[in-house]
Amino acid sequence: MAVSARNQLKGVVLTLVKDNVMAEVSVDVGGGNTIVAVITRQSAETLNLKPGDDVTAVIKATEVMVAKE
Amino acid sequence: MAVSARNQLKGVVLTLVKDNVMAEVSVDVGGGNTIVAVITRQSAETLNLKPGDDVTAVIKATEVMVAKE
Amino acid sequence: MAVSARNQLKGVVLTLVKDNVMAEVSVDVGGGNTIVAVITRQSAETLNLKPGDDVTAVIKATEVMVAKE
Amino acid sequence: MAVSARNQLKGVVLTLVKDNVMAEVSVDVGGGNTIVAVITRQSAETLNLKPGDDVTAVIKATEVMVAKE
Amino acid sequence: MAVSARNQLKGVVLTLVKDNVMAEVSVDVGGGNTIVAVITRQSAETLNLKPGDDVTAVIKATEVMVAKE
Amino acid sequence: MAVSARNQLKGVVLTLVKDNVMAEVSVDVGGGNTIVAVITRQSAETLNLKPGDDVTAVIKATEVMVAKE
């Protein structure tokens, strides 16, 4: 299944922190970049996410901003 | 000024496409990854964005999803 | 590939309107509900979206609000 | 009051889970579809949300993605 | 109807710019602040938005970032 | 550094509530308006946010809706 989200960066899960409702997942996407995702705890458990997993960080283009010096 | 957005990836503007209201900016963030941002045309003009500019792609962690095979 | 987005509603594309940068897609998801998505024109073309296509509307739970009378 | 959000699906609250800051609400919107919303705990309490309530799930069109096989 | 979105600022429409798909609306919310919204053209037309209208800018708390010097 | 986000409202932190993953920050932006932001706890700690701080609430225009009576 192909998703319309323009940004799909392959990486590896580094860390996972959970509350009752939310979970924070950090993903090493290469090039020295880490992407942090906040998803529901339920999603983290359904995907059985754990450090070392091969995953893809998915981001809709309308959610990205640009900053310039 | 430091922004709370957890994801701030340095890169270089590759392309820029504009409508009356919106603009699409693609940014090479290294590691073989390109990030596409959709911002307003007004923002693109205020920042005077053009190919070759050094910029930072900024993404709030709550906007990032995770996919797994 | 399984995505963390909690809301994934199967449906059929009804209409498609395009600008240079953005495209609007309406999807009949059953139960008398239509979901409207605004994605990039490039995504609509990469997925080759057209009326009648079987698709899935995907929505991150953090993007959903609740209203009550 | 009419809100610009294009997606407004009527339904019934199924479940509610709370943390200090966030709350997760699932809403049966008919047609076999359930929509999960993550809102603040404060909003859930201000609206006095509880299972069985008639509510509307509200989603801005720019937040919706489309996936295709 | 009460919406869970925590941020609801009353104001007056200043300007309106339209493409085929999107529209940009600026709203004077008092205190010297202007809020810019990008919504679909269809929503702008359904609400019959025009300069001088009394409106409310609505923003989900999860979409707000904080910056500090 | 200038960010493309069209909405940047200066204000003062009023309150701060934390979970393990998320934090809720309310900011008085003048004109009788308070903006509530939900960011990660880690961001709140990195910025060392506390009541009385001078901050800026930052909101991408695509995240703002408009409501009309």
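Chains here go by letter, A, B, C, D, E and F, matching the order in which they are written, and residues are numbered from 1 within each.
The rule we apply is simple: a contact is a pair of C-beta atoms (placed from the backbone, for glycine too) under 8 Å apart; a residue touches a chain by one contact, two chains touch by 3 or more.
Nothing here was measured: the structure is a model prediction, and the numbers come from that model.
J.: Spell out the chains that contact chain B while also contacting chain D.
T.: A, C, E, F
J.: At the chain A/chain D interface, shared numbers over all numbers used: above half (same) or below half (different)?
T.: Mostly different residues.
J.: By residue number, over half of the contact pairs should agree; on that basis which option among A-C, C-E or C-D is the same interface as D-F?
T.: So the equivalent interface, with over half the same contact pairs, is C-E.
J.: What is the chain whose Cα centroid lies farthest from the Cα centroid of chain D?
T.: B
J.: Quick one: chain D and chain E, Cα centre-to-centre, how many Å?
T.: Using C-alpha averages as centres, the distance is 21 Å.
J.: Which integer distance in Å separates the CA centroid of chain B from that of chain C?
T.: 22
J.: So, what's the distance in Å between the C-alpha centres of chain B and chain A?
T.: Whole-Å distance between the two chain centres: 17.
J.: Please tell me the distance, in whole Å, between the geometric centres of chain A and chain E computed from their C-alpha atoms.
T.: Using C-alpha averages as centres, the distance is 29 Å.
J.: Hunt down the residues of chain E that sit against at least two other chains at once, touch-wise.
T.: 1-6, 19, 22, 24, 36-40, 42-44, 47, 56, 58, 60-63, 65-69, in rising order.
J.: Based on the touch definition given at the start, go ahead and assign the chain network to line, ring, star, complete or other.
T.: If you draw each chain as a dot and join those that touch, the picture is no line, ring, star or complete graph.
J.: What pairs of chains are touching here?
T.: A-B, A-C, A-D, A-F, B-C, B-E, B-F, C-D, C-E, D-E, D-F, E-F
J.: Can you list the chain D residues touching chain A in their complex?
T.: Contact set of chain D toward chain A: 17-19, 22-24, 36, 38, 62-63, 65-69.
J.: Under the touch definition given earlier, write down the residues of chain E that touch chain C in their complex.
T.: So the residues of chain E touching chain C come out as 1-5, 19-22, 40, 42, 60, 62.
J.: Of all residues in chain B, which touch chain F in the complex?
T.: Listed in rising order, the residues of chain B that touch chain F are 1-6, 37-40, 42-44, 46-47, 56, 58, 60-62.
J.: State the interface residues of chain E toward chain F in the complex, per the touch definition above.
T.: Residues 3, 5-9, 13, 24-25, 27, 29-33, 35-39, 43-44, 47-49, 53-69.
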